[in-house]
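First the structure, which I've put down as structure tokens, then a few questions once you've had a look.
Order of writing sets the labels: A, B, C, D and E. Residues in every chain begin at 1.
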Amino acid sequence: KDDDGDTGGGKGAGALKTGDGVTATTIPLGVLTDMTGVYATLGKSVTQAQQLYMKQLNDDGGICGRKVQLTIRDHGYDPRKAVSAYTELEPKVLGFPQFIGSPFVAAQKKRIDGTDKGLVIPQAWSANLLGSESIRQIGATYDYEMINAVDWLVKSKKVKSGDKIGHVYFEGDFGENALAGSKYAADEAGLEVVEQKIKPTDQDMTAQVTALKKAKVKAILISAGPAQSASLTGVAAAANLPVPVVGNNPTFAPQLLKTQAAPALLKNFYFLASTLPIGDKGSGPAELAKTYSAEYKGDLLDNGIIAGWAAADVFAKALEGACKDKNLTREGVRKALLSMKSYEEGFGITHDFSDPAAPSTKESYVLRPDDKAKGGMAVAEKAFTAPAVEGYTPEG
Amino acid sequence: MTEDAPEKTADAPGQTPSLEVRDLTVRFAGLTALDAVSFTVAPGSLHAVIGPNGAGKSTCFNVLSGVYRASAGHVHFGPDELTGLPPHRIAALGVARTFQNIALPPYATVADSLMLGRHRLTKAGFLAAGLRLPSAAREAERHRERVQEIAEFTGLERYLDHPAAALPYGLQKLVELGRALCMEPRLLLLDEPVAGMTSDERRRTAAVIAGVREGLGISVVLVEHDMGVVMRLADEVTVLDFGRRIASGPPAEVQRDPEVVRAYLGDTNNSEDAEEGVTS
Amino acid sequence: MSSRIRIGLIAAGALVLLALPFYVDRFWLQAGLFAMAASIGAIGLNLLTGATGQLSLGHAFFLAVGAYGYCALADIVPTALAAIGAVLVAGAAGGLLSPIAGRLSGAYLGIATLALIFIGQHVLFNASDLTGGYNGRDVPALNIFGLSFDDTETVVLAVPFESMEKLWYAGLLLLAACALFARGVLRGRPGRAMNAIRDHRVAAGVMGVPVARLRAWVFVLSSMYAGLAGVLLALIVQRTTPEYFGFALSLEYLAMIVIGGLGSVAGAVLGAVFVSLLPQLFDRYSESLPLVSASGTGGIAPGEASSYLYGAAVVAVVLFLPGGLVRLGSAATPRALTLRKKEPTDESAPA
Amino acid sequence: MPHAALQVGALTAGYGPVRALREVTLTVGDGAVVAVLGGNGAGKTTLLRAISRTLGFHGGAVAGGEISFGETRLDRLAAPEVVAAGVVQVPEGRRVFARMTVADNLRAGALGAPRGSRSVSLERVHDLFPVLLERAAQPAGLLSGGEQQMLALARGLMAQPKLLLLDEPTLGLAPLAAERIAERIREINRQGTSVLLVEQNAAIALRVASEAYVLETGRVALSGPAAELAASDEVRRRYLGVVDEDAAADAERIADAAPVLRRWQP
Amino acid sequence: MTTFFELLISGISLGAVYALIALGFVVIFRATEVVNFAHASLLFAGGYVTALLTDDIGFWAALIVGIAGAAVVGSLVEFLVIRRYRGRDHSVLAIVTIGVDIVLLTDLTRRIGTDVLPLGDPWGDKIVQIGPLAIPETRIAALLTAALVIAVFLLAFRYTSWGVAMRAAAEDREAAALMGVRLGRVSLSAWAVAGALAAIAALFLTVFPTPGLERNTSLVALKAFPAAIIGGLDSTTGALAGGLIVGVTEAMVTGYQDELSFLGRGLGEVAPYLVMLLILLARPAGLFGTRELTRV
């Protein structure tokens, strides 16, 4: 019986210190994804992107003369499966470039920080995961996105001090973390937030819109799923409440542009993200889009691809760093990542990983649906950081 | 967790009290099943209640055993008022019954059905049974012996480990009787106990019922359409028709009562029916 | 199978179970522990649904009460007491439901209890300061007389014992105790009364069984089992999250008892093991299944394959083993008798 | 209606290991009324189940022999097809649809019958059992035992059978009602329906029937014209309960043999 | 005040959709006394077929095919699974349907993948203005359809031989067989019908205001449970009433979330269950359900 210990791998390659499953030939990494559950949309893109990245990486000779090897477990967003999958892979892998479902990451936080200490990159941007050396998100957390969103609404004259803005959000960390941001920013800007909490089973936003209409909101923030944002935008338009709808992270999917809601979305919907959209002309996205489509023909392009790719890239960079420091262990990888102060993955944002307590960036782009662009998204305003973020400390 | 320790076990057999039914009335949406019916069952006697189908006999039993609520009237069993008590409280007073339409758990063995009859006489609650306290074990042992006795008495010993549903109708009737006896009742209500038996089976069952009365000296109320059995066993007969009492008295009289003949027996064949099942 | 052989088998099985932590790794122990927790919960549900005929879809709620109750109580009392307290709280929660549990039955009770889940989850999400809201709560490690069930290594016979290893034995102990208790209940006086209620409510009442009260008590008892299962689960996962205690979980428990065998303890355990291990096995080995392509290579993902198989298995077992897995072994309790067994032979038919 | 007789040849049937019927052979001539007597567990119900092909519902099966009604081999059909062939059973223990109204129970009975004739047969059963008209709207489960028995019988008649299988039709009926049933059976029979009558009330059965069979533990023990059987001592004693001396003595013995139950000392 | 009416309207129209789903449960329950957990996946199947074909053969044709398709799926479930079950315990059959549901859902979600499929209905996002109130045409259509379909079934159950046979079979299979009821056909037809109903429900569940059929659509079918129970599991009228009650409760509670925030937010989904509990306390068999009879 192996005791999750530093026994794996020999002391090969000079004084290179290895462990945690790293052998003379391979660096095993774990991927805990959801390809059959509620986040299947995200999971598929992220995973495929990461597989693509690692394939290229290995073709170029891998890292430290070793091939990187992904072991994938699909937990279908079932907590018990997720926990089991982590328990199964943890002893065998150096770290996790993907772990979908922040509740599950949170569930393992204790073990990750306490005993395992392997680098985990969650595909979830909730601030309650901040503050750990081993759990590192890439990009702004939900709350920062919403702060930026509010700031943008104000400075683009869509709302003014004294106005009300609505915020429709999912029960759970995604929505409620986003709400924390919007509330903070609203206070700063002298706005009032009208809350509408929903569950994934609420797919008809009529009642919510009615309530917001009653409250005379001037803009609506939404932190929910694509179906909800489509319904919300559609109903708002139909119920002549022609206000801007601003969403963040997974609230938009290009598929929506094929539905009834398309016109409304094109007209009123905005979207905050801390990367360029996949459809952007910029070199990074364009190239990725090309190679990805070449690999997975017919698969839709969405921002999950970028997220996955970026995570893989960051992990790889950290591995290289660790390799340089002759310390290809979990500890080494962590250290290497902490030393990455200005990392630019080619998606338009510079990240700083030196402070585990802060997100790697506080910047966001404002995007808009665009039925011509790949991935259905185009930049409406380039990356910026709301002044308000300075005073803000995420509750973690 | 002695969730259902029997409420009242002040029923040392022997001083069987008398059963008083006073102006018992039961109404259902649209019809009156029992209309101010009164009769008294003397301690240790066998009282037959007969009458046409739908006369209200089973309804009467349902009230006596707490399954139905009476719309009016009273039932006294010695000092206790039965009307308004829930079934299990009435059972705790020593009132047992059988059902006209067999009501046995289909897959439970006959032995288990009989042991269920001991429920009110035993105490083991969740804790005792769960922790297998010796007291519970001893209790179970003692009562299994008694069940064996009663099985032999009713002639069921051969079927103790058969599931009830696999037994023919007549035997199932007998199991019901046995289960009622296992309650060590002071008052026994039998709803058509010999229905669906051949006449010598009827005779045997009749013998059992007689034996119960002699052996235990308890009161029995008998609903039965087999006049032979009624004539042989009953000390007193009450006749119902459309929920009203149309006659009562010793069997021989009642059988001659023209009302009864008209409403129930029909003159064509009562002699023949009377023959049925008569012995000794 | 003769009782001697049977005892022999049981002893052997026990030995294997006791030895396992020295040989298998954390994943398997954890899987095993999940199965144990499930077994305890399933036994509880089988007392209610199998033996008393009271369909319940709200089991997940009581699991949640147990799990969160433990976390909450651990703030104020020693963890050992907290565990006991949590079980009692779960029982109390069941008791609060007795007006419904006592009166309803069948599908109506089933779906009425379904309400508990949604209400429960709502509370879990919103009563943040007690439940930690969407974040859930860290589960303080159980600590009995200085022996702490956390991840601090205690080396036993050159094998480092972490939480899973220690919990393993605790789990075994609890499961054995719960199973024996339930078996006693089922074979004893309460069990007979419960079956009577299931088979013929009115007759049961007339036989002296206080129907409503007994139903309520059984509901309490099964809730306590669920509570205990919840505590154990919490200790295994070391974190409670609201999502987990949902509709799906309740259905899982229902599936367990039906697959294992309604109304019998052995059935509950078999079913629990079946239902909680199968998906994990499928997940772990699904790459090696035919016509399955590893996650993310398109085609049928392992996750999908495993849920296909799981669903099919559920159907197959129920269809082809009516009466459940217990039929396989002779572990059937007398209560699981069918008409097939023990019929009168024709000699015994009366003349 | 086409002439048809029920032929049961060397029928063997049982439930799992239990042999409930062995080599039973019996005939119900067209337009005849045949009675089957027998003690508990003799196999009477099993016989009817075998004819109606409902043994399967009880984990039983036909092991051998054949059953034919006119040209049709019943033992090759499924239960509903047997009904379609004109063989209708009124099962033991009523089995009325408790939650359906009396009226709907009767409609259910007519499902097997040709559509047009329903109103006719409805009238017939109503003047046969007036109580069913009064209670038309009441859930059948709330009827009294005997009323349910009447309903069960009426439901069977609604199908306008060529052959009617009756399993203890007078069970739980008041003497008067039982008498009326007996008359009605004759009447139905006069109208051209053959009847196979399983009955504990041998007095009535033998009076109604033209032929009779006596089953004992699954075998045909006696058979012949009803009148002859009614005359035989065996039948008189065991099924008619008519007492001659030795029978009385015998009965005495039974009574004594029956152990007395002593009080239970807790 | 207009807010109230707007909420009322949106509640009723949403409720109509729930009613349609609930009716599916009711049909199966009445015919077989089985609580059908696979109904969600039947619904999903119908919607999926419709969505696939709508572009090629036009909406109405696609809808017909979808309905037929779901009916076929339903029949298959009955024929391949339900019919094979030899036991008599209905709660066990319910578990079988859970298994079926898992398989069907897995397959359908796999096919749908990450897509959001519009059904290409003629109503689009058109709105009917009644004074200050705006009602989507889709929902008016839903309400009418629900009322119509439910009326039809009410009559069918009461007055057709099919209905009688179905109820008889549900209560006592053997006795029904003795009446000449072909048990197989009856339950087959019931499942086919349930499938068809599910497909219709799927349509109204996925048109405006919701963007289209997607993998989470089936979750919504859960809400039909309280609807069916509130009305009474064996009552068609109940399905309508229950559906409307659930819809309105949900809309109201959501709309007045601010006023109710002390109960915690997002109560919209929970409220129907609370209502259900209250109703069950008063009427253990739902509003229109038949109480179990205790006659011995």
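Note that contacts are C-beta pairs under 8 Å (C-beta built on N, C-alpha and C of every residue); 3 or more make two chains touch, one makes a residue touch a chain.
Worth saying up front: this structure is predicted, and the values here are computed from it rather than measured.
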Distance-maximising chain from subunit C - centres being C-alpha averages: D
Result of counting contacting C-beta pairs for B-E and C-E, higher pair: C-E
Chain of greatest Cα-centre distance to subunit E: B
Centre-of-Cα separation between subunit C and subunit A, whole angstrom: 36
Distance between the centres, which are taken as Cα means, of subunit B and subunit A, whole angstrom: 74
Chain centre separation in whole Å, for subunit D relative to subunit B (CA means): 27
In subunit C, residues with contacts to at least two other chains: 125, 202-203, 301, 304, 307, 338-339, 343-344, 349-350
Multi-partner residues of subunit B (at least 2 other chains): 58, 67, 99-101, 103, 166-168, 171
Per-residue overlap in subunit D, given as positions that touch at least 2 other chains: 15, 18, 39-42, 142
Complex interface listing, subunit A residues touching subunit E: 36, 38, 40-41, 44, 171, 194-208, 210-211, 213-215, 225-227, 230-231, 234-235, 237-240, 253, 255-256, 258-261, 264, 300
Residue ranges of subunit E in contact with subunit D within the complex: 161, 164-165, 167-168, 171-183, 290, 293, 295
Parts of subunit E lying in touch with subunit C, wherever the complex brings them together: 29, 35, 37, 81, 84-87, 89, 91-92, 94-96, 98-103, 106-107, 110, 222, 225-226, 228-229, 233, 264-267, 269-270, 273-274, 276-277, 280-281, 284-286, 289, 292, 294, 296
In the complex, subunit C residues that touch subunit B: 180-182, 184-185, 187-193, 195-196, 198-200, 202-211, 213-214, 217, 221, 334-335, 337-339, 341-344, 348-350
Complex interface listing, subunit C residues touching subunit E: 49, 55, 99-100, 103-108, 110-112, 114-115, 118-119, 122-123, 125-127, 201-203, 247, 251, 254-255, 258-259, 262, 300-301, 304, 307-308, 310-315, 318-319, 322-323
